[in-house]
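We just call them A, B and C in the order they show up, numbering each chain from 1.
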Amino acid sequence: MSLYYRIRAAWDAFFAPAHGHLFYRKLGIGIVLSAAVLVLLQAIPSRFRKITIACFTFLAGLYYVAEFFIPAHKMADGSTGNFLTPYFEFSGNFGNVISGFAIGLGVISLLGLHFRTISRFREGWGFSLALVIGFFAMTIFGLMNQYSPNKVVMPAIGHFAGATTSGDVYKVLFNGGLASLDSAMFALIGFYIISASYRAFRIRSVEASLLMLSALIVMLGQVTLGTAITNHLPITGYWSNFRLENMAAYILVQINSPAIRAVTFGLAVGLLATSLRLWLSLERNAYFDQEA
Amino acid sequence: MSFPAYLHHLLFPTLLLGGLGTIAIFSLLFRENKFYRFFEHLYVGLATGYTLQVTWTDVLRPDWWDPMAKDGDWAWILTVPLGIMIYGLYTRRFAWMSRLVFGILFGLAAGVIFQGFSAEYVPQVASSFKPIIPHHLVKDDIVSAINNLIFIVILVCVLVYFFFAFEQNSRVVRRTAVAGRWILMIALGAIFGSTIMTREALLIDRINFVVFQWLHFPKFGH
Amino acid sequence: MDPTIWQKMQKIDSRVFYVILIVMIIVPLMIPQFKLPIIPSQQTISAYDTIEQAANAGPGKIALVDSWWAASTQGEQKWQAKAVLTQLMKDHIPFALISGDPQNRTLTDQLVNQIAPKYNYVYGLNYVDFGYKAPAAYVPILKGMVQDIPGTLKEDYKGRPLASLPVMKGIHDINNISIIIEITPSNTLDQMLQLVQGVNHTPLVFVPTAVMAPEAYPYLDSHQIKGIITGIKGAGDYEQLLGVSDFGTQASTALSMVYALIILLIILGNVGYHMMRSSQNKGEGRNGR
């Protein structure tokens, strides 16, 4: 057997799933390896740290780029791909897991700020307390809802109220709290549109007139009011083109679609350029240029 | 509905919290007040708690913990040092390690964008080349050909408008760019018209919840 | 100098408009008889017909409902989702749910639990929920589902093996999906089109918010999408086609009233502004003489 296949077989055997004692033994090896990696990384001299970061960034992105460029062929399971394609799902999960570990940064930052406000009784400490209570309530009852939704957290109060389970509390926090407040925040914009309609939408130029006319036609074409205005026109034939919903559809398909596509092409090229710069660590700003 | 039943309905926790919260958020329209600030802070706390809970139940547990603890995929333990390195951000000595992990995430994201570019945008470029002459192999129809010509003209005009890499000296180029700007105004108007429906629908839903589902205002002729 | 009527008009407090807006929303909702006739759009009719055709797909087929909406867009998408799920259950079409947003799984679950008893739909027998999948893992999951659905997803949202659920019997790959219904407030259509629909040309119905709808029209034109249910108006149209009267129908009239108010305010605002400017210019002209 060639050296490559022997190494490959050993690699597969080492990283193969294990159970029972073998699992704990390999887990111990994994923990030791993890500690060794941390020690080795910390041992890297300062002047080589920036290049180390650039190398890891490059290697992380290299998988997707290589998977794209290496020619595809028919695989054993009937799909098309190359030798990197089977690891697509793993790389997605890997990125997910690392991003999941990073959630703590935001939580620590937010809670740290509000705990400081509460502990020093600064102005608005009551609101910070509400935030902290909301956070812990949602986390605890969210987890309880997953693992034991029927656990009674408050016994029945005579005939007034039945027993309250953790699932019930979660429903109150989610539906009554999070979902309602989330919707309300976005619904505020509806009011601001009204205010802007009267104060901000000024027709001062030809371009503004075109924008307003187009908006008017699309708006009316999308609601029953607009459909009712031109309902007397036939549904088929030449005059049907002047029904508001058809005019709106024409603007959306024939004019809006290519214009937005052109804007998208510009954005896509910019996005590609930025992602290449990130991948090759060519970015020059405060974060990337910090002394390691 | 009898008064005790109405009171019971009004004080039902989900509806009470949702109704008071919605009114509190809307009270910002009249003026900044403590009622609004309380519910604003509560919302941030609930949202952060929810994100943390979902990160465990829907990301870390199925993708990291279960493969390791249930399926025996011990190698996932090797992602733990990467997770620990992220929190090196809070120390001076190990802060550089957090940049290494973020570098890995940026690299992965850049790679995904790179693949996505070819999967998402190249087909759009290809489909932009539409037949402008009626042909039996495509669609032998003069109206489609005219529509395709309009499509291509609009696409070119708007692309030319966004050419900032070189000076637009030629009169043809300048006029094409002006036409692109006018077309973009029509497109933006269309987007604005579409956006309004979404925003107002959210508002209608919220007002329906507060007025009819919570406060139980009567409906006439129902 | 006394302010002119046009100057006074420019100074009207915004809160007055807010109150008028609230009244104009409440009145149509309070008087359900006060409704404008709903004429379903052609795109919605096509979506309805496509789902009706899925009912004739035969055994060994399942509809895939891919949802991305959350509480922030539930004002539109909840009613669209409710209308679509009602039709699926009414026509006894087995379906599978998959969510791209963590909130969505809970919200869709609540919606299904609301509708299912009416049509005797039982979890595991008539429908399944694959659960929430993080956006970063979505592309590999979609790619995997084309080849092997049970092998890629393995379990439902509660950790039950898919092979143990009767509704998943005979469901292997993309060929067993009768229709894809994409309910989303964001730009997720492209990945579904390229990775899934494009492989087998499975019929796809797009259910976006009104903001996202314009971007889908080219795909409708090229028949990659069979129908679009746009926003709350689409929900109202769909309810009309289903023969039910739910929030979508009521909201359509309220939306028309709001639009009428917006158009009136734009006109009044511009008329007032231009008249104020011209009276100011006339005043300056007189003083300059």
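Here is the rule we use: a contact is a pair of C-beta atoms (placed from the backbone, for glycine too) under 8 Å apart; a residue touches a chain by one contact, two chains touch by 3 or more.
As the structure is a prediction and not an experimental result, all values here were calculated from the model.
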Top chain pair, ranked by number of contacting C-beta pairs:
A-B
Farthest chain relative to chain A (centres taken as mean CA coordinates):
C
Of all the chains shown, whose C-alpha centre falls nearest the centre of every protein C-alpha atom combined?
B
With chain centres defined as C-alpha means, what is the inter-centre distance between chain A and chain C in Å?
20
In angstrom, rounded to a whole number, how far apart do the mean CA points of chain A and chain B lie?
9
Centroid of chain B to centroid of chain C, CA atoms only: how many Å?
14
Listed in rising order, chain B residues that touch 2 or more other chains are 29, 50-51, 54, 59, 63, 112, 120, 190-191, 194, 196-197, 200, 202-206
Please output the residue numbers of chain A that touch at least 2 other chains, ranges allowed.
91, 93, 95-96, 99, 174-175, 178-180, 182-183, 185-187, 190-191, 193, 212, 216, 219, 222-223, 252, 256-257, 260-261
Which residue numbers or ranges of chain C touch two or more of the other chains?
14, 18, 21, 72-75, 103, 134, 136-137, 139, 210, 213-214, 218, 230-231, 233, 255, 258-259, 262
Would you mind writing out the residues of chain B in touch with chain A in their complex?
13-19, 21-22, 25-26, 28-29, 37-57, 59-60, 63-64, 71-87, 89-90, 93-94, 96-97, 99-101, 103-115, 117-118, 120-121, 124-125, 128, 147, 150-152, 154-155, 158-159, 162, 180-194, 196-197, 199-200, 202-206, 209
Write out the stretch or stretches of chain B touching chain C in their complex.
29-30, 50-51, 54, 58-59, 63, 66, 112, 116, 119-120, 123, 127, 190-191, 194-198, 200-208, 211-212, 217-222
Which residues of chain A touch chain C once you look at their complex with the stated criterion?
77-79, 88-89, 91-93, 95-96, 99, 174-175, 178-180, 182-183, 185-187, 190-191, 193-195, 197-199, 201-203, 212, 216, 219-220, 222-228, 231, 245, 249, 252-253, 256-257, 260-261
Footprint of chain B on chain C - complex, ascending
14-15, 18, 21-22, 25-26, 29-33, 72-76, 78, 102-103, 105, 131-132, 134, 136-137, 139, 159, 185, 190-191, 194-195, 209-211, 213-214, 218, 222, 230-233, 247, 250-251, 254-255, 258-259, 262
Considering only the defined contacts, which chain C positions touch chain A in the complex?
10, 12, 14, 17-18, 21, 36-39, 41, 43, 70-75, 103, 106-107, 110, 134, 136-141, 143-144, 146-148, 152, 210, 213-215, 217-218, 220-221, 230-231, 233, 236, 252-253, 255-263, 265-266, 268-270, 273
